[in-house]
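To start, the structure itself, in C-alpha cells.
We just call them A, B, C, D and E in the order they show up, numbering each chain from 1.
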Amino acid sequence: MSNRPSQPLRGFNSQTPKNAFDLSEASLLGDEPSYIDYFYDQPGSMPGTLKIEVDAPPPVIVLIDYSDTKATKVEIEAPEDCEPYLDTESVSWVDVKGLGSEDILKRLGHVFNLHPLVLEDIVNVPQRPKVEEYEDQLLIVARMVTLQANGQSFISEQVSFILGQHYLLTVQEEPDHDSFGPVRERIRCNKGTIRKQKSDYLTYALLDSIIDGFFPVLEAYGERIEELEDEVVSNPTRQTLEKIHGIKRELLTLRRSIWPQRDAINMLIRDGSDLISHDVQIYLRDCYDHTVQVLDMVETYRELASSLMDVYLSSVSNRMNEIMKTLTVISAIFIPLTFVAGIYGMNFNTEISPWNMPELNWYLGYPACLTLMLLITVSLCAFFWRRGWFENISTVKSTVKDD
Amino acid sequence: MSNRPSQPLRGFNSQTPKNAFDLSEASLLGDEPSYIDYFYDQPGSMPGTLKIEVDAPPPVIVLIDYSDTKATKVEIEAPEDCEPYLDTESVSWVDVKGLGSEDILKRLGHVFNLHPLVLEDIVNVPQRPKVEEYEDQLLIVARMVTLQANGQSFISEQVSFILGQHYLLTVQEEPDHDSFGPVRERIRCNKGTIRKQKSDYLTYALLDSIIDGFFPVLEAYGERIEELEDEVVSNPTRQTLEKIHGIKRELLTLRRSIWPQRDAINMLIRDGSDLISHDVQIYLRDCYDHTVQVLDMVETYRELASSLMDVYLSSVSNRMNEIMKTLTVISAIFIPLTFVAGIYGMNFNTEISPWNMPELNWYLGYPACLTLMLLITVSLCAFFWRRGWFENISTVKSTVKDD
Amino acid sequence: MSNRPSQPLRGFNSQTPKNAFDLSEASLLGDEPSYIDYFYDQPGSMPGTLKIEVDAPPPVIVLIDYSDTKATKVEIEAPEDCEPYLDTESVSWVDVKGLGSEDILKRLGHVFNLHPLVLEDIVNVPQRPKVEEYEDQLLIVARMVTLQANGQSFISEQVSFILGQHYLLTVQEEPDHDSFGPVRERIRCNKGTIRKQKSDYLTYALLDSIIDGFFPVLEAYGERIEELEDEVVSNPTRQTLEKIHGIKRELLTLRRSIWPQRDAINMLIRDGSDLISHDVQIYLRDCYDHTVQVLDMVETYRELASSLMDVYLSSVSNRMNEIMKTLTVISAIFIPLTFVAGIYGMNFNTEISPWNMPELNWYLGYPACLTLMLLITVSLCAFFWRRGWFENISTVKSTVKDD
Amino acid sequence: MSNRPSQPLRGFNSQTPKNAFDLSEASLLGDEPSYIDYFYDQPGSMPGTLKIEVDAPPPVIVLIDYSDTKATKVEIEAPEDCEPYLDTESVSWVDVKGLGSEDILKRLGHVFNLHPLVLEDIVNVPQRPKVEEYEDQLLIVARMVTLQANGQSFISEQVSFILGQHYLLTVQEEPDHDSFGPVRERIRCNKGTIRKQKSDYLTYALLDSIIDGFFPVLEAYGERIEELEDEVVSNPTRQTLEKIHGIKRELLTLRRSIWPQRDAINMLIRDGSDLISHDVQIYLRDCYDHTVQVLDMVETYRELASSLMDVYLSSVSNRMNEIMKTLTVISAIFIPLTFVAGIYGMNFNTEISPWNMPELNWYLGYPACLTLMLLITVSLCAFFWRRGWFENISTVKSTVKDD
Amino acid sequence: MSNRPSQPLRGFNSQTPKNAFDLSEASLLGDEPSYIDYFYDQPGSMPGTLKIEVDAPPPVIVLIDYSDTKATKVEIEAPEDCEPYLDTESVSWVDVKGLGSEDILKRLGHVFNLHPLVLEDIVNVPQRPKVEEYEDQLLIVARMVTLQANGQSFISEQVSFILGQHYLLTVQEEPDHDSFGPVRERIRCNKGTIRKQKSDYLTYALLDSIIDGFFPVLEAYGERIEELEDEVVSNPTRQTLEKIHGIKRELLTLRRSIWPQRDAINMLIRDGSDLISHDVQIYLRDCYDHTVQVLDMVETYRELASSLMDVYLSSVSNRMNEIMKTLTVISAIFIPLTFVAGIYGMNFNTEISPWNMPELNWYLGYPACLTLMLLITVSLCAFFWRRGWFENISTVKSTVKDD
C-alpha cells in the first residue's frame, strides 16, 4: 500500500488530468480542497525508498542535445541510451516526463549517478521546493503551474532539475503539460543566445518559464477577487462566503509553493556554485525578482481576501439592519393601530352605563376613530422619517433595481 | 497579442490619462480596482524580449547637458544624437518619455550599451522598484506618483534611471507628467549646488523629488480617512464599507510601491558604488529618511483603516441595537394591551351565566378596562426606563438632529 | 508529592494509554484539553532531582548490538549489563522504555556517565525538544507522535537520545508504542546500509521516523478541517464552534512540539559535531526538510482554522438574516391584514349614523374587504420579491433538501 | 505658500498652544485627529531649503556656559554672540526656542558650521527621530512630550541636538514648554556630577528627561483605558467606540514617535562616537532601558485597545441578546393569548348549529377560557425559565441597579 | 511627593500584601487592573536619585556565609557589618528584603561599591528585567512571582542580583515572600553540590527557582482558561467577557515580565562573563530552557484567549439565532391564526346580502374554521421542521438539561 495521499490535489472533473486546479467558481462548492499535502515516507522506512503510484504515467524520455552549431532531439527508450551524450561538450537536456516505472527511474539514477536521497526527492512527489548541492551536481526541486487552455483551471506539478557539467536532467510528473515549449522552440530555431550557452543557462531559462507561469494563474485569482468585491457588497450570499474562504485556502497553497522557491533561487544567487557561471547569475537575479513579484501579489491577494471576509460580515450585518428596519417600521405602525381597532371591538355593554364605550354611539364615532388612526400613522412615520429609516429602505430598493 | 494586463491601473474617467488613480470618493464605487499587476513575460519567452503596448505614447527624448558654467537643453530625434554628449566631462541628462517605439528603445539600448535585461526592465513596465549594478552602470527602477492639479487623482508610473560616469538616462512611461520640473529649473537657473555636482547628485535630486511626491498623495488619503472616521460613526452606510475596503486596497498598492523603493535606496547607501560619491551618499541618507517616513505613514493609515472596519461593524451593530430597542418597546407595550382588548372582544354569552364576562355589564367596565391598560403601559414604560432604553433612543434622535 | 501536572495530556477513554490524543470528533466535547504543560521543578529544588510518577511503567531495556556482519538483540535486566557492549566497535543501541524506577534510571545515568542535568531532562518529562552537546555525548530531546491503529487517536511522548561514539541510548516514556519497528527490522534483516553505518546514522534513522510519524497525524487534522469546512457553511451548530476552537488549540500544541524540533535539527546540521559524520549530515538535511514540511502544514492548518472561525461567524449571521427575513415577511404580511380585520371587528353603532362603518352594511362589503386584503398581500409580496427576499428563502430550503 | 500641513497636531482649544494633545474625553469627539504628518519638501525643491511657518514664534536663544567651578547663563540676541563660548574648555549649552526667523536660523547654521541638511532637519519640523554623525558633530533629532499642568493635555514638539566637542546646541519648536527645567537647576545649583561632566553627559541628561516625559503621558492613557474597560461592559455607547478608536490612533502616533527614538539611542550605544565617552555610554544604556519600557507600555496599551474593540462588539451583541430575549418573551406569551381571545371573538352563528362555538354558551365558558390562557402563560414561562431567559433579564436589571 | 504610581499592582483584598495578584474569578470584576507600570524618574531628575516609598517595609538583611565545610547565617543590623565577609574565599550571600530606608540602602551601595545607576535600578522598582556588566560586578534584575499558599493569588516583586567574585547581593521588595527557601535549605543541609560551588552557582540556583516559580502561576491560568472554554460555549454571560479580557491583560503583563528575563539569561550565556564559570553556564542553559518554556506557555495561552474572544462572539450570535428562531416560530404560527380569527370577528351584516360572511351561518362554520387553523399550523410546522429549526431548539434545551 502506498501511503501517498490518494488525491493530493483537487481534480477538475473526471476528464481533468490529476493535479488540476479549477478556477471556475462552480468548482468551489462541494469539491474537495486543494492542499498540497507533502509526500511522506512510512515512518521508519529506509531513506531512498521509491514509491511508485499505481496511476502514474510511464516515463517518456526525450533528449535534446545541442551546441551552437547543431541541435538534436532523440526519444530515448532505455535510460542507458543517454550515456553517450552526457560527457560530450554539447549540452544534453534529458527531459523525463512521468513517474510510473520504478525500474526505469532506478536505472536513470544509476546513469546519472544520483544520490539515493536525490532519487527519492525526484520520485516521491510532492516535495518542498529547494536547492541542494551534491558533489558535481545541483538538485533543484521546483513547482510548476500551467494554466489550461480554457483559462479556467491550472495544473500543479513538481519539476526536478539535476544540473551537471554538460547536462541537465529534468523530471516532470505529467507527460502532457509543461511550459517549456517556447524554450524548446528557442533551441530548435536557435533564437537568442541559448544555443551558445551552457546547461546552467538552460536551467535558468526553464526556471524562468516556470516562474512566469505563475502570473497568468495569479491574474485569474485577481479577477475572481474583483468579482467577489462586487458580489460581497451588492449581493452577499452563502456561496460568497465559501468562495472567499476557498480563495484564502488556495492562496495559502500557492504561497507555500512560491515561498520556498524564492528561498531556493536566492540561495543559488547568494551561495553560488561552480556549476553556475557569473553571467547566468545575473539572469537568475532577474528570475529572483519575478519570484518576489509573485510573492508580492500572493500576499496582496491574501490581505484583500481577509479584508473581504470583514466586508462580508459587515455587509451581512448591514442587510440585517435593513431587514430589521422594515420589520420595525411595519410592526410599529400597525401594532398600535390594531390595538385601537381592538379597543372598539370590545363588547362592553353600552346600554348599562353611559361610561361604557360611548364612542360607539357617537354620530361620528367611526370617522373619529379612523382619524385617530391616521394621526398615529402620520406621527410614527414622521418619527421614523426623522431618524432616516425610510431613506435607506428606498436606497436599497433602488440599488437592487439598478443592478 | 501583448500579455500585459490591458488595464493595470484604474482610470479616472475617459479624459484621464492611463495609470491615473482617482482619490475622489465617487470613483470608489463601481470602478475597476487599482492593483499594480506586475509585467510578466509569456512563460518561456526569451529574456530581453520587449513588449510595446499599442497605446503607448511614442518616446520624446530631451537631453540636458550642464556643467558649472553652462547648461544646454536639446530635443533629440534619434537616440544616436546623444552620443557626442555622453563622454564629455559635463553631466548629460537624457530624459526619455514614452515607451511607444521598439526601434527607438533598442537603438537607445545600443547607444547606452545596456544589458538586454536592463532594457527589458525599462520597457516592460511595471517592474518592482530595485537597484542593480552592472559593469559601469547602475540601474534604478523607481515608481513615481504625481498628484494631479485638481488634487483629486494621481498618476502612478515607472521611472528607470541608468546612471553612468558622466550621464544619467531616465525613462518614464508618460510624456505629460513628472515631478522633475523644479529640478530642471534648478539646473537652468543654477540654483543651489546642482550644477557643480556630478550625475550622481542629479540622480539623488530626482529620486528625492519622486519620494517627496508621495507625501501629497498620502495627505489626500489622510483626509479621506478622517472623513471616513466621522462617517463611520455618524452615518454608516454600504458605501462607507466599500470606501474602507477601497482605501485598504489602495494602501496595499502604495505600500508595495514604496517598500522595495526603501530597500533599493538602503542598498545604495549600504553597499555603495563607485558611481556614487561619499557626499551624495549623505544626501541619499536624507532621501532614505523620507522613504521611511512615507512607509511609516502608509502603515499608520493601514492600521487605521483596519480599525475603521472594526468600528464600522460595531457601529452597524449599535444601530441594530437601537432598531431592536424601538421595535421591542413598541411591541412590548402594545401587544399586552391588544391582548386585553381582545379579551373583552370575546363573545361569551353573558346571559347564560353570571360567570361569563360579567365585566361587560359592569357600570364602570370600560373605564376600568382603560385604567388597567394605562397601568400596564405605565409599568412597562417604567421597566424600560429603568433599563435605560428610552435614553438611548432620545440620544440617537438628538444626535441625528444635531448633525 | 510530585508537582508534575497529574493529567498533562487528554486521555482518549479509560482503556487508552496515558498521553493519548483522540482525533475523533466526539472527544472534542466535554473532555479536558490537551496542552503539553512542560514539566517543572518545585521552585528552588536541586538541579538533577528526578521525579518518578506513581503510574509510570517500569523501564524495559533492550539492547541491539550490530555491525555489518552480525546483529544481536538482548533484553537487559540491570543497566550495568550494558557496559560490555558500549566500548566495542559495533554499534550498541540501548532502548529504554518506561520511566518508572528511579533506581534503574540513576544506575543507567551512572553506566552512561550522564551529566545530572541530562538525566533530569530524560526523566522529568515533558521537556522542550532541544539539542545539547556535552563532552563526548550529544543529547537530543524529541517528541514522538504515534497514530493509533484505529486512526482515531494518537500518542504523544518524549524520546531522548544520548549519542556516544559507539552507542546510542534512547529513552521513551511508554513501553507499548513507538515508530521504531521498521528501523529494528532494517537492522535485523540488514536492509539498506544501516548495518554498515555508525551510531550517528542510527540516530538519523530514528529521528526521521519520528518526523515521518507527524504526517499521518497531520493528515487526520486535514480531514477534520475539510469536514468542518462543509459543516460550517451547511449546518453551523454550537458543536462546530467547539470543534474549531479545539483544532486551533491542538494545532498550537503540535506547533509547539515541532517548532523546537526544527531548531534542534537545524542546529545539528549547522553547528556540526564530532559525533556526526559529514555523510549523515546530508541525511539530516533531508530530515530537516521534512520537519519544515510538517511546520508548513501546521501553519497552513492554523490559518485555515482561523479563517473557519470567521466563516462560522459570518455563517451564523447569514442564518440570522434568513430567520429574520422569514419573520419579517410573515409579520409584514399578516399584521396589516389583521389590522384590517380588526377595523371591521369594531362595534360602532351603524344605526346611529350613516358615517359609522357603512361598509358593514354594503351588499358586497365582505368580498370588498377580502379583495382589499388580497391586494395588500400581493403588493407586499411584490415588494419583498423585488428585494429578493423570497429567492434566498427558497434557496436555503432547497440547499437543505439537497444535502 | 508653505506646504507644511497647516494643523499637524490637534489643538486643545483656542487658548492652547499649537501641538497640544488633549487627553480629556471630551476632546475625542468631533475634533480633528492627531496624526504627526511629517514635514515634506515640495517635490523637486532644493535640499536645504528652509520653510518658516507664519505663526512660528521667533527664536529665543539662551546660552548656559558651565564648568566645575562656575556656571553662567546669558540671553543671546544674535547667534554670532555664541562664538566666543564655543571653543573654550567649559561646556556651552545653547538652547534655541522657536523657529520663527529664517535669518537667525541661517546665521545660527553658519556659527555652528552646520551641514545644510542638518539645518533643514532642525527647521523643517516634524522629522522622524534619528541620529546622524557628521564630521565633528552629532545630530540627534528627538520628540518631546510635555504633560500640561492640568494633567489633561500634552504638548508634542521636536527637539534637535547638535553635539560638538565643547558645546551642545538644542533647538526646540516652542519657547514656552520643555522638560529641561530640572537639568538647568542641577547645573545652576551644582547638584550631582553634571558640572564635572562634558557636553555628552548634558546630552544624556536632556535625552533622559525627554524619555521620562513620556511616562506621565502614558499613565494618562493607562487611566483612560481603565475607564473604558469599565464603560465598555457596563454601558457601551457610540461614544465608547469613538474613544477606543481615538486611543488606538493616538497610540499609533506615540509609537511612531518612540520607536525611532529607541533605534536612535541604540545606535548611539552600539556604534559609539568620538564625541561620547565610555562613561556616558553607560548612562545612555539606562536611557535606552527607559525607551524600551515606554515602547513596552505603548505596545501593551495598543493590544489592550484592540482587545477592547472586541469586547465592545461582544458587549453590543450581548445587549442585543437581552433586548431580543425581552421581545421574544413578551411576544411569545401574548401572541398565543391574543389568538385565543381572537377565537372567541369570532361571530359564528351559534344558533344555526350546535357545532358553532358552543363554548360561548357554556355556563363556565369564560372562566374556562381564562384558565386556558393561564395554563398557556404558565407553560410558556416554564419553558423560558428552564432555558434560563428570565435569570439574565433579572441579572441585567440588578446589575444596572447596582451601578 | 513620590511619582511612583501609588498602586502599581492590583491588591487582592485589604489583608493582602502589596503587589499581590488575585487569580480567583471574583477579583476580576470591578477591581483595578494589574499593569506593571514601570518606575520612572521625574523628568529631568538626576540619575541615581532614590525614591523611597512611604509604605515600603524597612530592609532586613540576612547574610549566609558558606563554604564546603561550614555555613553561617547572620542577621545583619548595619550594612557595614557585611564587609568582613565579602573578601574571604567563602561565598557570602547577602539577602536584603525591603526597600524602606534610603540611609541603609545608600550605605549598602557604599559597602558593595555600587554604581549610582545600579543602586537606582535596585531601589526604584519596578524596572525591566536585564543584565548589565560593571567592572567587577554583574547586575541582574529579575521579576519573581510567588504563588500564595491558597493557590488563588500570587505576588509579583523585583529581585536584583549583584554578583561579585566572592559574594552575591540579592535585594527583594518584600520581606515576607520568596521562593528561595529550598535553596537556603540546600545550603544549610549541604544537599547537592551547592556548598562546593561559587557564588555564580548560587546565582543560577536562585534564578532557576525564580523561573520555576512562574509555572504554578501559569498552571493556574491554564485552569482558568479551561473553565472559560466551558463557560463560553455553555453559558456565555457578560462576566465571561470581562474574564477573557482580564486574562488577556494579565498574560500581557506576565509576558512583559518573562520576555526580557529570557533575553537577559540568553545574554549571560552568549556573552559570558569572567564572573560566571563554564560549568555554571551549562546550568544556565537549563535555566534558559525553562524560561523559553514559560514564554511558550504564555504565548499559547494568549492565542487561546484571543480565540476564546472569537468563540464568545460566535457563541453570543448563536444564542441570538436561537432566540430569534423561537420568536419567529411562535410569531409565524400564531400571527396567521390570529388573522383568521380576526376575519371571522368582523361584523359585516350577514343579513343584507348572501355575500357577507356566509361562513358565519354555515352549519359547520366553526369546525371548518378550526380545521383551517389546524391546517395552517401543521403546514407551517412542517415548513420549519424541514428547515431544521425545531431540532436546534430541542437540542439547546437538552444541552441545558444535561449540564
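What we mean here is this: contacts are C-beta pairs under 8 Å (C-beta built on N, C-alpha and C of every residue); 3 or more make two chains touch, one makes a residue touch a chain.
Computed from a prediction, not measured in an experiment: that's the story for all the values here.
In terms of the stated touch criterion, chain B and chain D have no partners in common. Chain copies chain A and chain D are related through a rotation whose angle, from the C-alpha fit, is 145° to the nearest 5.
Between the Cα centres of chain B and chain E there is a gap of 41 Å.
Chain D and chain E have Cα centroids lying 25 Å from one another. Residue positions of chain C touching 2 or more other chains: 313, 317, 320, 324, 327, 331, 335, 338, 342, 345-347, 357.
With chains as nodes and touching pairs as edges, the resulting graph is a single ring in which every chain has exactly two contacts. Annotation: chains form a contact ring; the order from chain A, going to chain C first, is A, C, E, D, B.
Looking at the complex, you find that chain A touches chain C at residues 3, 5, 32-33, 35, 37-38, 40-48, 115, 117, 120-121, 127-128, 130, 132, 235, 237-238, 241-242, 245, 248-249, 252-253, 256, 309, 312-313, 316-317, 319-320, 323-324, 326-327, 330-331, 334-335, 337-338, 341-342, 344-347, 350, 357, 359-367, 369, 396-397, 400-401. On chain B, the positions that touch chain D within their shared complex are 179-183, 185-186, 191-192, 194, 205, 208-210, 212-213, 215-216, 218-219, 222, 226, 229, 233, 282-283, 285-286, 289-290, 292-293, 296-297, 300, 303-304, 307-308, 310-311, 313-315, 317-318, 320-321, 324-325, 327-328, 331-332, 335-336, 338-339, 342-343, 345-349, 352-353, 355-357, 386-389, 392, 395, 399.
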